[in-house]
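In the two assemblies presented below, chain A is common to both, partnered first by chain B and then by chain C.
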Partner chain A sequence: MHVPDGFLDAPTSVATGVVAATAVAVSLRGARRELDDRTAPMAGLVATFVFAAQMINFPVGAGTSGHLMGGALAAVLVGPWTAVLCLSVVLTVQALLMADGGITAIGTNITLIGIVTVAVGWGVFVLLRRVLPKTVAMVAPAAAIAAFVSVPAAALVFTGLFAVGGNVPVDLGAVVTAMLGWHTVIGIGEAVVTGMVIASVVSARPDLVHGARPLLAERELLTRKVQVT
Partner chain B sequence: MTNRRFFAIALLVSLLVAGVASYYASAHPDGLEYVAEQTGFIDSAEDSPTSESPLADYQTSGVDDARISGGVAGVVGVVVMLVLSTGLFWVVRRREPADSDA
Partner chain C sequence: MGAGHGHRLHFHGHSPVHRAPAHVKVLTLLGFMLVVVATPREAYAVLAAEAAVLLGVVLLSRVPLTYLLPRMVVELPFVVFAVLMPFISHGPRTEVLGITVSEPGLVAGVALLIKGSIGVLGALTLAATTEPQDLLRGLQRLRMPELLVQIMGFMIRYLDVVTAELGRMMTALRSRGCDPRSPRHWPVLARSLGALFIRSYERGERVHLAMLSRGYDGKLP
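Right, the complex of A and B next:
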């Protein structure tokens, strides 16, 4: 979903640039609460892993492919504010070093892949955590569902941006249908990768999973109560 | 599992994914490119100003072997990512009380 230069006009690119810069500034403040001596190296590795995983395009049929976006994955692992920063570093390095995604489009790509997938992914995850059983075992399935939803959400926002500032007048109905259709299929891949990675980390080091922490605290409390009684 | 061991495994996985597995990635256009081709706005895409970068398109310029060319680009990318992001998060992190004394 890396947007190249030229798809969107200058005003739209400037607007997404402002949105991205604001989100990064706010996230720099928010991430302070999520990062300490132990989780800061974890966050660095999550950003690095997302970069690596984004190199793996998987085929989704009809000559199309997709790759992990990683917003939901990063949000569940290191928290939403830190996740926005993780994805922003990934997208900036990709654009500057690998020519993957445009330069005037950096703001657009941070908005879509760094903000929308993190916000939607984290939102869906927190919602599921509220309604599902309060066990650590639900973290990976909930993260997978959150990841699945985050991909068509980003596709929808791209279509919205294209409707406002697309440089070529094309049939928007066709664009929205195709974008949603393909990215729903890519979302399945996103869900599988996210679910597997989260399940591995939860089984090895549940304490390093930001989204699992309230559940671990609850388990601790329960254990103490049982011990007291 | 100790922190050190966990982080070492995570880094190794990232290096293998970017340096080795990436060779087997699908070369088909991604969802957005494909939709742009189908609905007729792919031609508005412009070459990135960084398209002459020595690592553009995840290939190392001057290295002919596709496996090595992509592998080197992936490994360099992973190292750059690790240094930049860990550095950023280390600066942003909340200082432990013990640190503030120093």
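Right, the complex of A and C next:
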């Protein structure tokens, strides 16, 4: 779902570029709070992980395959600011070194895949964390729902950009319906994989999952009597 | 793996395009593509001229077209969209090969195909003629924030390490009868990805400690 050159007109591409640059600048400050002086190597390795995770394709149906976008996954694992940085770097490297996604559409791609999925995913996740029972077991389902919501949200923003900068006389209602329907299916795949990945990390190293840290801090030490015979 | 190695798309050469500084190439491609994107979609002569300029640069770089063309498959998903466009658009109808399609949709679809293909070929030419390390130095010269350059540097440096690790995990899964593409095996796949995340994260921690012990203070020499 990387947008190529020529899909949106020049003003829209430049505008999304400005949005993306601003968001990345803000994230650079935020990431220092999440990772202090470890930012460069840690974010670099997490970006590599996101890239590797995106290489795995899964069948979506009708003979096509989709791959993980990883916005919500990265946000829950390493925190929203670092996630924005990681995804932006991944998208830039893909555009400059792998010809995946147009060079004039870098801003659009960062806005859609880097910012919208992370912001929506993290927002939904934090909301769910507040509502659901405060146990570590709830992190994975919350992350799955967050991932599920984040994909159609990005599709919706893309449709909005297409309405402004696509200048093709298509019936917007039909585009919205098609995009939402299609990306709901992709969202299910994203949700299942995200939930299961988070569940496996939470069971092995819960301290590494950024989204689980407040819950870990609340955990109390359990003491109980054991009958020794 | 380490610095100085080429990457998957790089095509070794010594042409003027290879020797040009990376920041000049990135800016040129960006400017060129902005012009292409801003070209009115019915100005086929202008689009043809732009394609000719790009082909000239490709010839100058001496990267064979047989190397670049098969790698253009990355644009395939959007070819599907471009082909669909005449059917989902409205407006006046026209007939092509006996099928009634929307005229503005057809024009938009053709324009998308042309502009998208120029973009992919241009990006491939940049990737084929630029070493990743040169690209990083170029982005640094273009005043990309230092931290972002460092993150990108680490990503490029460890790209092959981590993807090779994933590849070994996939080989191990397959040799045990698992099909990573089938949804039935998603739980196994997800656990592998979880393990890959933990390994990547811990590798990051080790790299950071190794850098600290060599005097890292937030800046790379």
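Structure notes:
Here is the rule we use: the second predicted complex is superposed on the first by the 206 of 229 C-alpha atoms of A that agree within 3 Å, B and C clash if a C-alpha of one lies under 4 Å from a C-alpha of the other, contacts with A are read in each partner's own complex, and residues count from 1 in each chain.
The rule we apply is simple: a residue touches a chain if its C-beta (ideal position, glycine included) is under 8 Å from a C-beta of that chain, and two chains touch if they have at least 3 such contacts.
Only a predicted model underlies this, so the values are computations on that prediction, with no experimental measurement involved.
Taken together in the superposed arrangement on chain A, chain B and chain C clash. By the touch criterion defined above, A:43 reaches both chain B and chain C.
When both complexes are overlaid on chain A, the residue A:10 reaches chain C alone and has no touch with chain B.
Look at A:214: by the touch rule set out above, it reaches neither chain B nor chain C. Once the two complexes are laid over each other on the shared chain, residue contacts for A:183 go to chain B alone; chain C is not touched. Touch criterion met: A:77 reaches chain C, while chain B stays clear of it. Of the two partner chains placed by superposition, only chain B is touched by A:67; chain C is not.
In the superposition on chain A, contact of A:160 is made with neither chain B nor chain C. Of the two partner chains placed around the shared chain by superposition, chain C is the only one that A:193 touches, whereas chain B remains out of contact. In the overlay built on the shared chain, the residue A:24 is in contact with chain C alone; chain B does not reach it.
Across the options 76-84, 94-102 or 130-138, chain C meets chain B in a clash only at 76-84, per the superposition defined above. Residues 1, 4-7, 28, 31, 37-45, 47-49, 51-53, 55-59, 65, 85-86, 89-90, 93, 95-100, 102-103, 166-168, 170-171, 174-175, 178, 204-205, 208 of chain A contact both chain B in one complex and chain C in the other.
On the side of chain C, the complex with chain A involves touching residues 7-9, 26, 29-30, 33-34, 36-38, 71-72, 74-75, 77-78, 85, 88-91, 102, 104-105, 108, 111-112, 114-116, 118-120, 122-124, 126-127, 130, 132, 135, 145, 147-148, 150-159, 161-163, 165-166, 180-181, 183, 186-187, 189-191, 193-198, 200-201, 203-205, 207-208, 211, 218, 220. Touching chain C in their complex are the following residues of chain A: 1, 4-7, 9-10, 13-14, 24-25, 28, 31, 37-49, 51-53, 55-59, 65, 77, 85-86, 88-90, 92-93, 95-100, 102-105, 166-171, 174-175, 178, 192-193, 196-201, 204-205, 208. Residues 1, 3, 6-7, 10-11, 13-15, 17-18, 21-22, 25-32, 34-36, 38-41, 43-51, 53, 55-58, 73-74, 76-78, 80-82, 84-90, 92-94, 96 of chain B are the ones that touch chain A when the two sit in their complex.
For chain A in complex with chain B, the touching residues are 1-7, 28, 31-33, 35-45, 47-49, 51-53, 55-60, 62-67, 82, 85-86, 89-90, 93, 95-103, 155, 158, 162, 166-168, 170-171, 174-175, 178-179, 182-183, 186, 204-205, 208.
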